[in-house]
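Two complexes come next, and they have one chain in common, chain A, joined by chain B in the first and chain C in the second.
Up next is the complex of A and B:
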């Protein structure tokens, strides 16, 4: 504490700073926002984190909850740890951001002034993109793409389904949160069906032809779930054109499917506050400078995580956590009146095909041509040819990563 | 080919601050790392580089903490920097059994790897 106070005092005395006490506001208490708030606070700055929920429910590993392999409580992370460290929590939604006045408005009308704002707004599901699929339809055909009640709803539907039923997982086109997530989910649902309801069938309807870790998934599906899991790509008629949630019908370009359980993952966009702040472009996502993560549309606002257009870097919890730390350093540099250093960032993402069968993709990224681009020669997936011991080891690494990244973000 | 292309022209003069941090960390580890002396603080301020231990990491280094924290993925703080650099260089050369680390290490040149190793092994 003493060291931190000294550092803070020194920082605040620095002549490069425009005023005595820079105010930092972070919107969003997920992996990106929590990590950024802690990094800025650790540097001795006064930070207010705006987040209406008392706890964050993590998406990574929520597919294992759906498949009955994991308890929901393992996904819950309270924000009290951040408060105890000295981060001010505003437990309300941010409803408006005035970039010119550098002010965030909260649901109760309170205004928070800031010198720099970090937004980690996550995603919103688009209920205007697929005919028939709105918020009400999601109560019958869960998306389960924000972990929480929807996760448990899908799990209960699977548990209630009679053996022999058809389960459908519908996957959107890019970009969306967690590129390999739908295929991990399909794998773990297939595992559930294989072990509990073996006469059932799983159909994966995809709005694209190419996906993350595809060869590894297809190899694993052929080995683990032959005859149970069927994958239909865009070119095979996999794209949904309409749903009828009441009737349990999913319509594609090539026909109709009547599902006992339907998991519809709809198209997405940046979390709503991003649009209100004027930091989204016509795509619904947020363009940023890849060095500072400052918005290309509104000065003084930095964005991280799933909401941003990050080039080659995927929308993942790992990426949000890594971007948060780079962004925090950039904010500190800018407050000192310096140019942020050009970063490199890493992403690693594990997927489970079964409880003891993990695969991974990794990448290293650097700014180029205004985006984060792959560092040539780096990155890639687990090898196609690998012994069961390596798949088991990667399943273990996934658990270790989750423990570490959640401790890093939430304390 | 990839290893040459990855670092050159990208590295953005990280050396001045990484050296000052390394120095602080070496001293700090031996004798009560919790407190910086006032002269140290003034030095840091005069150099106008790192205002805090969390600021100014070499490219790539701040991503490591996402995974490295225990279990089968070792904690790096407090490890010998030389050993971490040697491990990363071996991964990069394909001389260690592959995990994600071979794929990650290929994204950095040797100077970047040494700077990362110094930073991530420092106890903060």
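Up next is the complex of A and C:
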């Protein structure tokens, strides 16, 4: 009940605006950008959404596509619904942002003036962070960390692999998109191998020792995939130092592995336009005010989703959706000349360890000391001691979660 | 016995500078942290790391509470002749562990 009340609170208020018709521009048509565009449009504002792609391909559940459990078409969300609601779509990439002039430049040279800009730039993969791993190497050792062609490439590689092959999933250090995502992926690949290629082995090489929902994952792996899935943490020599994509070799600090299929998830940073707009710091991510989501580096620009430094809040679709609603309210308040209200935000996320085995984590966050911090005592994870029926129920809730968050973002 | 990882080339050319990496799985309890019962936990850290090459010290480090868990130490050595490298970690509560590796120099 509390959760619903919190969610609803961000949807209220259709304000009478002091200004005639302020111009709002949103960059990025993912979970954050689409949600923000719809929330601002619902409040009666003229909104232009800048997004070159005609459809968004969702990352949540794309691990099930890799494991052959789900069709790629279930991941596609067209932006036509937003257009039908009256949101103007600029089907181009934004190439520059002039914060002083309050202007976005598009790929064809057109300029869009704005009163306030919301950027949801998502992530870019860093092809300069791991020796040997560049864009060309990703065609041999897919990252599959942006859903689309890479997702299907990894799936085809698993399908083509002979039974008995070694699959490696390499996981980066924090921060990166979707903290539990690599472990869900490892689980579902293990499920694919167990049911289709049982003589194969899966090695998870991790650049850290601690991860999201760790106890639940490790318990599930021990029950479902003993002898098949081996997890190697940082302190076990799990950190990659170099790859040779042509030879299929992954080098770690303490050894090397020759993989039949290698899924390398490299370090990441905010999507490229964020750097062009001058809203990234030296970390490659975007510092923001946790109340208004306005950039700490450029006035008039708000940022949401995976690209921001959100403190305790993870980089997830649901977090982007929640931040978009709060950010839209803050933008409306600022346009009225009011101070934005201090928000509370919620994240929930589900992971599948097998098609009928789901686990979840939830958190509640509030601004403190300039960052979003955990509200003590709120949130939590699925219980460690739970019957199979509960894991099965949570796998179902995961489907409901996906339907809800995609409907809220894309209509 | 703590788990130890050591990475060095199996063989090297005479005069070559080789890189040696070591990691020991150890909690490095600082002695400043309260336990679940509220009582400060006793310090338990690795205090010293030494590498001998044929019984001659080639690298030594002192470790303190500010060193993170699972100390990762990497250093370089000039390969002059074939021999045995002995790595020793010692610490609180009588902790002592030695691992050896052979290096072939051609």
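Keep in mind that, in the parts below, the second predicted complex is superposed on the first by the 392 of 411 C-alpha atoms of A that agree within 3 Å, B and C clash if a C-alpha of one lies under 4 Å from a C-alpha of the other, contacts with A are read in each partner's own complex, and residues count from 1 in each chain.
By our rule, a residue touches a chain if its C-beta (ideal position, glycine included) is under 8 Å from a C-beta of that chain, and two chains touch if they have at least 3 such contacts.
What you are looking at is a predicted structure, and each value in this text was computed from that prediction instead of being measured.
With chain A as the common reference, the superposed partners chain B and chain C fit together side by side.
Using the contact criterion defined above for the overlaid structures, shared-chain residue A:234 touches chain C, although it does not reach chain B. Look at A:376: by the touch rule set out above, it reaches chain B but stays clear of chain C. Of the two partner chains placed around the shared chain by superposition, chain B is the only one that A:39 touches, whereas chain C remains out of contact. After the chain A superposition, the centres of chain B and chain C are separated by 120° when viewed from the C-alpha centre of chain A, nearest 10.
In the superposition on chain A, A:254 makes contact with chain C only, while chain B stays out of contact range. Applying the stated contact rule after C-alpha superposition, one finds that A:326 touches chain B and leaves chain C untouched.
Touch criterion met: A:401 reaches chain B, while chain C stays clear of it. In the superposed model, B is the one of chain B and chain C that contacts more residues of chain A.
After the two structures are overlaid on chain A, the closest C-alpha atoms of chain B and chain C sit 17 Å apart. No residue of chain A contacts both chain B in one complex and chain C in the other. Looking at the complex, you find that chain C touches chain A at residues 3, 5-7, 21, 23, 25, 69-70, 72. Those residues of chain A whose C-beta lies close enough to touch chain C in the complex are 209, 234-237, 253-255.
Taken in their complex, chain B has these residues touching chain A: 1-3, 5-6, 10-14, 34-36, 38, 41-42, 44-45, 48, 51-57, 59-60, 62-73, 98-100, 103-108, 112.
Residues 2-3, 6-7, 10-11, 13-14, 16, 39, 42-44, 318, 321-322, 325-326, 328-329, 332-333, 336, 338, 341-348, 360, 362-364, 366, 375-380, 383, 393-394, 396-397, 399-401, 403-405, 407-408 of chain A are the ones touching chain B in the complex.
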